[in-house]
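Structure, as structure tokens:
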Amino acid sequence: MAWTREQMAERAAKELRDGFYVNLGIGIPTLVSNYIPRGMSVQLQSENGMLGFGPFPYEGEEDPDLINAGKQTVTEISTTSYFSSADSFAMIRGGHIDLSILGAMQVAENGDLANWMIPGKMVKGMGGAMDLVAGVKKVVVVMEHSAKNEPKLLKNCTLPLTGAGVVDMVITDLGVFTIDKKGGGGMTLIELAPGATLDEIRAKTQASYHIANVL
Amino acid sequence: MQKVYPDPRAALAGLLRDGMMIMAGGFGLCGIPEQLILAIRDSGVKNLTVVSNNCGIDGVGLGILLDSRQIKKMISSYVGENKTFAQQYLAGELEIEFNPQGTLAERIRAGGAGIPAFFTRTGAGTQIAEGKEQREFDGNRYVMERGLIADLSIVHAWMADTEGNLVYRKTARNFNPMMATAGKVTVAEVEHLMQPGQINPDHIITPGLYVQRLVHVPNAVKHIEQRTLRKRTAPAGTGEEV
Amino acid sequence: MQKVYPDPRAALAGLLRDGMMIMAGGFGLCGIPEQLILAIRDSGVKNLTVVSNNCGIDGVGLGILLDSRQIKKMISSYVGENKTFAQQYLAGELEIEFNPQGTLAERIRAGGAGIPAFFTRTGAGTQIAEGKEQREFDGNRYVMERGLIADLSIVHAWMADTEGNLVYRKTARNFNPMMATAGKVTVAEVEHLMQPGQINPDHIITPGLYVQRLVHVPNAVKHIEQRTLRKRTAPAGTGEEV
Amino acid sequence: MAWTREQMAERAAKELRDGFYVNLGIGIPTLVSNYIPRGMSVQLQSENGMLGFGPFPYEGEEDPDLINAGKQTVTEISTTSYFSSADSFAMIRGGHIDLSILGAMQVAENGDLANWMIPGKMVKGMGGAMDLVAGVKKVVVVMEHSAKNEPKLLKNCTLPLTGAGVVDMVITDLGVFTIDKKGGGGMTLIELAPGATLDEIRAKTQASYHIANVL
């Protein structure tokens, strides 16, 4: 019956590798931290200036000087280091973060990503999203396959872009797609969520895509 | 050279004028120079351009200067936590220039470091690049961004010595160190004030030469924007959640 | 992820190849990764391009790799302390690319920070600007300089934890932190090796993500290039100089 | 009788102001630190990554990790801070150092400075000199008025430049000149060393210069 939010996060966690440094966006991506395999060393980066952070604090132990990029209170762990915003984005822009997992409004078959503004609505700002998608080695989008019956996987994004040709993988409630953003090989459906069908995906996807042989 | 001033008002005396550009440190409400912001409010200075990653929340931090309508323009990466902001913006009373967060941080760092312009991949092929020079290096497309210098920077530090050497605490560091370098004048509010030599010189983040004025704010109240907690699981055998 | 290697040779195993570009930290003989340099000598790798502010002195530091004729080209700001350098250069066996020291430091920082090019006033109107784009910003002339990335960076730190978080001591910091960010692979030799959590995270200069391999060199001998001393004046009343 | 090296350094020290951050070059400029007026706060910057340093150490207290830009052992003082080379030159390039005092081979009447190479001779490199003269707020050159009877104050430098239009003041053994490097007002002789004469200076100076009214 398609993947739940938790299951999408669990699927995204399969992209983690031992030793990875990872930046997780707000929403479903945050849940990915619950699925880091035991024994695997994965350090989470928070773009406000922290590498290596732990779970939310216990009541009474929250520290106003210790927050993540979502402005939530978090905790320090043994691997933690702190640095300035300039150093944090030097790390991101310089390609030193292995994986960024984030949400999206639209993804195009060439890897274009839109997730920061809807013209005509109040714009809140892009925060660090443009830097993350431009700088991180691998960019994985986790999002609902469609929104109110509007497809979100498109031939071309209609919303203003967060990044052009930046997405490597899209995980939706219905399946997983890879995008050959550098090579121009387009988008490929590589996995189906349990209960999802090729027909259903075809109906809900505007983008062109290949279908991997295994399906 | 006496850098220590008795209170925030005194620390800003003679530095404020209508229409100036001010950089204010902090990320969300973490590491913001709140006492200096209050002193700016009290000064009544107007038509400010403020460079800050966010714009506080309603009634706290830079939100205070929105309430008092002293801000003409913000240069920020994200302002989503503030209803007053939305109202003033939609009413055409407030300008906003959005910068990607890393571009904003680097523009400030560049301003302080004597770099008038640099290239970044961030924003290439997006609205952010419009009207800016774009150029290819080694097969990738980059946007040229300009360094940023302010008339005044206000920053918050955890500890300082009277020489102006600053140390920050945890994620309250954020934009403060770069802004300290990019103000024509920099004023720091500090929670702990020490004598020279009391901070290990290997631990100093902002050397004293960047700080012209200091004010000790020993009782600063620090705010939490999103208090997120986990439940204590019970000690083994008790079966209770505490 | 095990980052700690038993000795310098093991820490460099599989990383060296003829013709590669290596960044080596240090200023003069201060903060140089000497044990890693010795391991590179022993590896016999050839035709190296080495980015380092200086080139050691005869028989010490990078001077060792000159003696063994493993260096093809240096990118440096000053190489005046080394006779072998002069001989090989005058014999046409060695290339040198001079960069102003600050431009060199910033090119390395830019390389690590994903900035392919930046503008600096340094060198505008001089030989250094020849063949480079020059441009005016706000009435001043600037030179465009490129970011620099190496195949391998070797750095020296005072203390590390096994996660690769590094701390430097006094002026032995110099070029090491930027080079740690600008190597496709970075190997650090460290005088003191700790467990994670033993270094205050506010004091860490190089976060562990920049360091792929570590080697503990507890008995590293450190050199002084210019031992300059002042005389002890005698305790009052003794009339002696000690 | 002209000024000695020590007297040239003493004269240069008159350019210091309370609260100044200063970079001193090798040679005569280093001696300036002996003439900082008592009670005046002047912090010395060393471009290898140190702000605020003290005199040479006593024997047995020298530290290989604690050197100045001339690679000499120095000492820490209560105001000292350490930083990387990138941060050091950010400080220099960004105009945060008030005064740079350095030596020169040639200075031209428009403020051009040459002090790093002689074509045909082995070149050692410019070190941090190009950054210092380009970035520091005020640049004072201290040098012998002429070398082997060759003038060093020229209409145009004949040696490759360290910086174009960068020198604000030149202190020689014979006197002191200011240069209006931005305004194009040229060079002006403002002081004579004891025993030096206008005739002697005229004979040993190729550059054009005004003579201040006080002389």
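Per-chain residue numbering starts at 1, and chain names A, B, C and D are given in the order in which the chains are listed.
Convention: contacts are C-beta pairs under 8 Å (C-beta built on N, C-alpha and C of every residue); 3 or more make two chains touch, one makes a residue touch a chain.
As the structure is a prediction and not an experimental result, all values here were calculated from the model.
**Student:** If I rank A-C and A-B by number of C-beta contact pairs, which comes first?
**Tutor:** Top pair by contacting C-beta pairs is A-B.
**Student:** On a C-alpha centroid basis, what's the spacing between subunit A and subunit C, in Å?
**Tutor:** 36
**Student:** Measuring centre to centre with CA averages, how many angstrom lie between subunit B and subunit C?
**Tutor:** Each chain reduced to its C-alpha mean, subunit B and subunit C end up 33 Å apart.
**Student:** Determine the centre-to-centre distance between subunit A and subunit D, using the mean Cα coordinates as centres, and give it in whole Å.
**Tutor:** Here subunit A and subunit D have centroids separated by 54 Å.
**Student:** Suppose each chain is reduced to the average of its Cα coordinates; what separation in Å results between subunit A and subunit B?
**Tutor:** So the centroids are 27 Å from each other.
**Student:** Which residue numbers or ranges of subunit B touch two or more of the other chains?
**Tutor:** Residues 106, 109, 113-115, 120-121, 168-170, 173, 201-202 of subunit B touch two or more partner chains.
**Student:** Subunit A: which residues touch two or more other chains?
**Tutor:** 76, 82-83, 89-90, 92-93, 135
**Student:** So which chains end up touching which?
**Tutor:** Final set of chain pairs in contact is A-B, A-C, B-C, B-D, C-D.
**Student:** Which subunit A residues qualify as touching subunit C in the complex?
**Tutor:** Touch list, subunit A to subunit C: 18-19, 21, 41, 43, 45, 51-52, 76-83, 89-97, 135.
**Student:** Inside the complex, what are the residues of subunit B that reach subunit A?
**Tutor:** 27-31, 53, 76-81, 86, 89-90, 96, 98, 100-103, 105-106, 108-109, 120-128, 158, 168-178, 205, 222-232
**Student:** Which of the residues in subunit B come into contact with subunit C in the complex?
**Tutor:** Contacts found on subunit B: 106, 110, 113-121, 137-138, 140, 142, 146, 167-170, 173, 201-203.
**Student:** Which residues, counting only subunit C, touch subunit A once they are in their complex?
**Tutor:** Within the complex, subunit C contacts subunit A at residues 1, 109, 111-115, 161, 163, 165, 181, 195-197, 201-202, 204, 207-210.
**Student:** Along subunit A, where are the residues that touch subunit B in the complex?
**Tutor:** Answer in residue numbers: 46-50, 55-59, 62-74, 76, 82-86, 88-90, 92-93, 112, 122-131, 134-135, 160-165.
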